[in-house]
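Below you'll find the structures, each written out as C-alpha cells.
You will see two complexes here that share subunit A, one where it goes with subunit B and one where it goes with subunit C.
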Partner chain A sequence: MMAATQPVAPSAEDAGKALQKQLLAEYYHSLSDEGRNGRKVAYLFVPGNVVELTQCFDMLPVYPEINALQCGIKKVAGDNILRAENLGYSSDVCGYVKNDIGLMLADRQSPFGQLPKPDLLVCNFSGCNTFVKWFEALAHFYGAELFVLDVPYLRERSPSKADVDYVTAQLEELAAVCERITGVPFDRQRLRGVLGQSVEAERRWVEVLHTAKAHPSPFDAYFEAVFYMAPLNILRGTEGCAEYYRLLLEDLRSRVHEGRGPIPEEKFRVVIEGPPPWPHFRSFWELFKRWGVCSVASTYSKVGGLFDQGIFHDPSRPFESIAEYAMNSYTNWNLGLRLDLLRRYLKEYEADALVIHSVKSCRSFSVGQADFRDALTRGEGIPTLMVESDLADPRYYSEAQLKNRIDAFFESLAHRRLVGG
Partner chain B sequence: MYVPTELIQAAGALPVSLFGAGGSVEISHADSRIQSFVCSISRSTLELGLRGHLQVLDGMVFPSICDVARNLSGVWTRNFPDRLVEFLHLPQNRDSPSAIAYAVAEYRRFLAALEKLTGRTVRPEDLAGAIEEHNEEREAAAALLDLRRTTPWLLDAWESGLLIRAGSVMERGAHARMLRRAVAAAKERDRKPKDRVRVLVLGAFCEQPPLELVRTIEEAGCYVLEDDLLLGLRWFREPVVADGDPLRALAEAYVTASPPSSVSHYRGTPKQDMLVQRVKELGAAGVVFCTAKFCEPALYDQVLYKERLEAAGVPYVHVEFEEKMTTFDNVRTQVETFVESILFE
Partner chain C sequence: MTLYVAGADVGSTTAKVVVLDATGQVLGTSLGPTGASIVEAAQREFQEAVKAAGIDEHEVEFVVGTGYGRFKIPFGDAQITEISCHARGAVHLFPDTRTIVDIGGQDTKAISVDERGEVVDFSMNDKCAAGTGRFLEAAAVTLGLTLEEIGPLSIQSSHRLRMTNVCTVFVESEIMAHMMKGERVEDILRGVHNAIAGRSISLLRRVGINPAVTFTGGVSRNAGMVRSLEEQLELPVHVSPLSQHIGAIGAGLFALDRARGGAETIRAAIPTASHAGHAAGGDH
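This part shows the complex of A and B:
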C-alpha cells in the first residue's frame, strides 16, 4: 500500500491535489483487471463503513460516493446523471445515485479507469436511507448479493446497549457472508491488527484538524480538508494511510510555526456545514477566498467519522467499536447533536460565522439546516449564511446567485467589524 | 406510515395520523425551517405545527420513512420543546436473527416515553387488548379491500381511501364498526360492472394524493383493484397473535409480517418481482404509478418496478402529484390515453 513519501509542497492547495491524485491512482489501479489479482470486490458507503472487516477477507473496497465526487470534479457527473435520468430516474433524486447508475450504464468506464463489478454490496446505511435504495438498485442491475447493515439512528445522546448489540450481531453475520463469498476464514486477530492501523491514522487526523485552531489556520478545514481526508476514507486500516497523516501533521505544524495559511490574509474564520458542489469546487472556493475567508472547521470532513469527537475504532473491542463508529456518523446524529457540534466548532475554533451549503441531493444532510440557521441567527446572534446548490448535479449551481449572497454576507460582516458591532 | 399505534392506545392516548395539510394552508412559516426541495407532506405538516394548529396533540412520533421524515423529527424537537417527540428506528435488516430483539428494545423505549407522557403503566393485558382492537380494525379494512379486488364496481378507490383514512382520527373499535357497515352497504349497491381496465395504483403510501386525483384515475376508465394509499394504517395482512408477551408479538410481527413497501428494506423476493407476480395474480391490465413530488423512496423504487414491468409486458403510466395540485385535466388525458392503449391493443 502506498505512502506519501514526498514532503508536502508549500502550497497546501497544490500538495493536497497532488497527494490525492497519487493516492487515488494507486487505489484505482488496484481495482483494475491487472491490479485486482483475483480479489473480490465489496461496494461500501463512506459513512460508518466496515472496511476493516472486509479487508480481513482481502476484499477490495469500492466507494460509489467517492466515484461520484471524482466524477463531479472531473466534470463527467452531468453526463452520468443524464444517462440515469434517461433510464427513468427522476430529476428530484440524489445526484450521487444517478452518477453511479450512469457509470454502470457506461460500462463502468470512469475517468480513473474501468471500475469492477461488485461481488458484495454492503449497505452500511449510516444516516442515509437513500443508501438502501441505491444498493437495492445495484443489486437489481448487477445481480450482486446485498447485505443491509442496519445502523440505528442516534435518537438519543449515545447508542443504547440494544443498538450496539443489534449492529454487533449483524457484523458477525456479515463476517460469515464475506467468508462464504471469498473463501477466506475470518481471523479476529487480523481484524484487531487492521483496526490498530485505523486508530493510528484517526488519532493523527484529529491532531491535523486541531491545528486549525491556530490564527491563521494552517489549512482550510473544508476546501482542503476534503482532499486531506481522502486517504482516511479510502485507505483506512492500512500502513500507508497512517503514514500519510504523520507527514501531513508534520507539515501543518511547521506551517503553524511559520504563521502560514492557505490564503494571503485570513480575514474571516468560518465553520462550514454541508457537502461541497463538486462540479464547481474551485469556483465555489474562489467566492470565499476573495473575501479572505478560511474555513476552520467543517462537518463534511467528518462524514468518514467523528473521530475528533472521541469516536475511535478500538482493537480491544473490534465489533463493538465498529458498531459505535457506524452509529456515530455525522448524518446519523440527531439534529440536536449536530447543532451542538456546530456550536462547539464555532466556539473552539473561534469562528466568525457559520456557512451552510445546502445540497438538494442529500436530504439527510440538508433537512434541518434551515432550522440550524434559525436557531443560531435568531436565537444566538451568530451570523449564518445559507446557500443552495448541489454536490453532483452541475445544473443546480448558479454562480451569479451564489456570488451575490456570499458577497452580501461578508460585506456586512466586514462592515460590522468596522463599526465594532 | 406504520407506527405501532397499539402502544399508544395501550398507554391511554389516542393515536392520530397526520397526512399534511392537503393543500389547505399556504407554506410561509415552514419555509424558514425546511427547504423547498422536499415533499409537501413534510412542509405542510410543519406549517400546521408552526401555526399552532397541532396544539391539540401531546406528542409526535416519526417512524422510519425516509431521510426527510427522520430529520423532521429533529426540527420538531427544537421547535416544540414542550411536546413529546419520538423517532422510531424500525429494523431494516429484517433477515437478521437479532432484528426481533432490537425491535423489542425499540418498542420498550417508545412505550416508556409514552408511559411517562400519560402517567399510566401499561400492563400486558392493556397491550393485548389494544392489539386485539387493531386486529379487528385491520380485518374490517381487509374486507373492504377484498371487496374492491373482487367487485371493484361496488366501491371506488377514492371512497375506500376515505373510509380507511377516517381511522386516522378514530378509536379503533369504532372505526372497525364503521368499515363493516360500509362493506355491508357497498354490497347492497345496485351497480353494474363497467368497461374499465383493471389496474394497481402504486407510490402514494405516505403523502396522500388529492382525492380528486384518485377519482380522476377511476373516471378516466380504471378500476383500481389495489393501491398502497395509507399503507401504514393497514400494515399487517394477518392478525397479530398476542400470545405470551404482547410487546414481543408486535415487534415480531413487524420483523416477520410487514408487507413489502418502499420505506423498508425487504430482502426476500425483490419488490419489483413481487409486483409483477401480483399483477398476474389479480389479472390486472396495468399499473398506475402515483407518486408525490420529491418522494425519494417512491421515485427510486419505480425505476426498478418499470424495468420489470416492461420485461413482463405490463403497461404502466406515471403521474406525479403535489398537495396543492388543483387541476387534473392533464392526468385525465394521460390516464385516458393509457386506458385506450390497453383497450385497443
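This part shows the complex of A and C:
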C-alpha cells in the first residue's frame, strides 16, 4: 500500500457521492425538531409536484413515497404494512400507502429520524389516482389542511390551453393557501429564481441520462439511476441539487471515456419499465447482473419528470410551466404515449429487450403493461420479459420464481444470438 | 467408446432423469417424488435411470440439470431453465411443435418456438399456484381420490359444471358447495379440469397459439386434462408417453451438445453454477 505524499483532488465520482450524502443529511436534519426552525411542512407526491412553489413560502417538503421506498430498502416496510393491515387496510392496497399509514401509527419514526407532521398536504395526484385517497386519509388522521391539485389526464401529446389554464388557476389558489398557512407573502420573482435552479439540474440530468447511449453504458439506468435521481426528486430548486448533477455528469463522461460500465461485461442492454421491488432491490439486481444485463433506459427514473422528453420548468412562465410539468408525469400520459416512449427508448438506446417489473398494487404503473408486452413482442418482435412482485411489501417477492423467469429469458436471448436468431 | 449423457429435471413435485445415447435415443428413465431433499431425490433418480439404461454411472459424460432444483443437483455439469429444456424436448419428440403448454406442480408455462425450435416467447402463471398441478391435487384430496383416478372420472361426466375460481385454496370450499347441491363427482371433476384448461389457454394466448401444440409436464399424463385442453383449443394436442420426462430429455439433448463441444451449445452463454450460487445468496 502506498502512502499518500500529497493531497489528491477528489474525483468527480467521490465528490458527487459526498455531496449527495451531505445534501440528503442536511435535508433530513431540516425535518427534525431542532432543524425545522419553525418552518411549516408540506407533504407532496413526487410526480408532477409543486415544490418550487412551496419553497417560496419556506415550507419544508416531505415525500411519503420516498419515505416508503427508503423503508423498503431499510427493510422496515414489512412491519409498517402490517400495522396498516391491522387497522383494516386490505392486502390489495398500495404498499406505499400502507407503509405510510404504518409509519404514522409508529409515531413517524423512520430510519432517518422522526418525520414531522404535515401543516399542508398538497395532493398532486398525476402520479397515481390512489394518491387522493392516501392524502385524504392523512388529512383525516393528522387534522391537516388538504389541497387537491386536480390535474387532467394527458389525452393528447401536449396539454390543451384550457387544461393549462385550469391547473394554473389552482396554483394561484394554492399560493394563497400557503401565504395564509405560513404568513410569508408570495413573491413571483423568488419563484422564478427557484425555477431557474430547477431547470439547471433538470438539463444536466437529461445529459446524464443520455450518457447511457454509450456502449457500454457508464451506469445502470434503472438500478443506479434510482439513486442518482434522489436529489432531483427531493431537493429540486436548490443550488446543491444543480451542483450534484454537474459532478455526476463529469463522472459519467469520464467513465464513458474510459469505457467503464457498472458490470464487467455488458452483454445485454435493456429498457426497464415499472418501479423496483425495494425490499429486495440488491438481490433483484443480481438476477440481471449475472447475465451481463445493463439497463440503458427506464421509465421509473422518469417519475420525477419527463425532462428528457423536453418537459422543463421555465422561469419565464412560472405557473404555466409548473402546470405543464404536473400534467406530463409519466403515469399521467395515456397508454399510447407511454408505449411510444418505450419504443423510442428501445431504439435510441439500442436496447436488446424490454423488461417489465409489474406491481399489482401499483395501479398507475401496471395498467397497460400487458398491452405493451403484446404490442412489442407480437407486433414488433421485441423480446419482452414480464415479472411481478411488489414495490414495498416483502411478502410478494418470490426469488425462485423471478430467477427462473429471468434466467429463461436471457438464456433464450443468448441462445438466439448464438444460432443467429 | 459410446457416448452417454443425462438430463435431470428436478421439479417442485417430482424428479425426473433420462439417459440418452449419442443419437438422442432415450435409453433409461426414472421418476420419483422430490420430497424434502433435492440432493437425495436427484441422486436416487440418477442412479435409477442409469440402471434402467443398463450402463455404469461413470460412463455418463455430461449431465444438464433443469427445474427448480437445478442448482442443487450435485452431479450436474450445467443448468438450464425448464423453458429451454421443455422446448427442446418437445421439438425433439414432435418436430412440428410450435407451441408448448407445460403444466407442472406449481408452474404452468406457455412457450412458443420458431420453425428451428428456438424459444421465441414464453409466459408463466403469476406467483400464485392457481391453475397448476397443485390445484388438481387439492381437488383430488377434497374428493378423497388419487391423482390417477380424477382424469378418467372427469371423462365420464355428462353435465357441464362451471367452477368459478381456480384458487388452490378456495377450490375446496367450492367443491364442497357443489357436493352439497348433490352434483356428481364426475361433473365436478370435469369442471375442475376445464377451469385449469381455460387458465392455461389464456397463458397460451399471450404467446400465440400456433399448431402443433405439445402438452408436457406431469399433468399431461391426465387424460381428462388432455381432453379439456383439446376441447377448448379446438385442436388436437401432442402428448408423448414420455411427456413427464420432456424437460429432462431437453436437458439431456443440451448435455449432448455440450459433450460434443459444438459451437452451437447453449452452455457457452450461460452463467456458471458458482455465479448462480452467489446470486441466490439472498439479500445484501
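One rule holds in what follows: the second predicted complex is superposed on the first by the 397 of 421 C-alpha atoms of A that agree within 3 Å, B and C clash if a C-alpha of one lies under 4 Å from a C-alpha of the other, contacts with A are read in each partner's own complex, and residues count from 1 in each chain.
The rule is short, and it goes like this: a residue touches a chain if its C-beta (ideal position, glycine included) is under 8 Å from a C-beta of that chain, and two chains touch if they have at least 3 such contacts.
Model, not experiment: these values are computed from the prediction.
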{"item": "Which partner reaches more residues of subunit A (counting touched residues only), subunit B or subunit C", "value": "B"}
{"item": "Partner chain in contact with A:Asp407 - subunit B first, subunit C second, else both or neither", "value": "second"}
{"item": "Touched partner set for A:Leu418, first subunit B, second subunit C, both or neither", "value": "second"}
{"item": "Partner chain(s) touched by A:Val148 [first = subunit B, second = subunit C, both, neither]", "value": "first"}
{"item": "Touched partner set for A:Ala176, first subunit B, second subunit C, both or neither", "value": "neither"}
{"item": "Which superposed partner A:Phe125 touches (first subunit B, second subunit C, both, neither)", "value": "first"}
{"item": "First (subunit B), second (subunit C), both or neither touched by A:Ala25", "value": "neither"}
{"item": "Partner chain(s) touched by A:Ser398 [first = subunit B, second = subunit C, both, neither]", "value": "second"}
{"item": "Touched partner set for A:Leu287, first subunit B, second subunit C, both or neither", "value": "second"}
{"item": "Shared subunit A surface residues [contacts with subunit B and with subunit C]", "value": "370, 374, 388"}
{"item": "List of subunit C residues in touch with subunit A within their complex", "value": "68, 80-84, 107, 114, 116, 118-119, 121-124, 126-127, 206, 208, 263-266, 268-271, 275-276, 278-280, 282-284"}
{"item": "Touching residues (chain side subunit B, partner subunit A) in the complex", "value": "31-35, 37-38, 42, 64, 66-68, 70-75, 77-79, 86-87, 89, 91-93, 96-99, 101-102, 105-106, 109, 265, 267, 270, 272, 293-294, 296-297, 299-304, 306-307"}
{"item": "Subunit B contact footprint on subunit A (complex, rising order)", "value": "87-90, 92-94, 97, 123, 125, 128-130, 132-134, 136-137, 139-140, 146, 148-150, 152-153, 155, 160, 162-163, 165-166, 169-170, 173, 334-336, 338-339, 358, 360, 363-364, 366-371, 374-375, 388"}
{"item": "Touching residues on subunit A, where the partner in the complex is subunit C", "value": "280, 282-283, 286-287, 289-291, 370, 373-374, 377-378, 383, 386, 388-389, 396, 398-401, 403-405, 407-409, 411-412, 414-419, 421"}
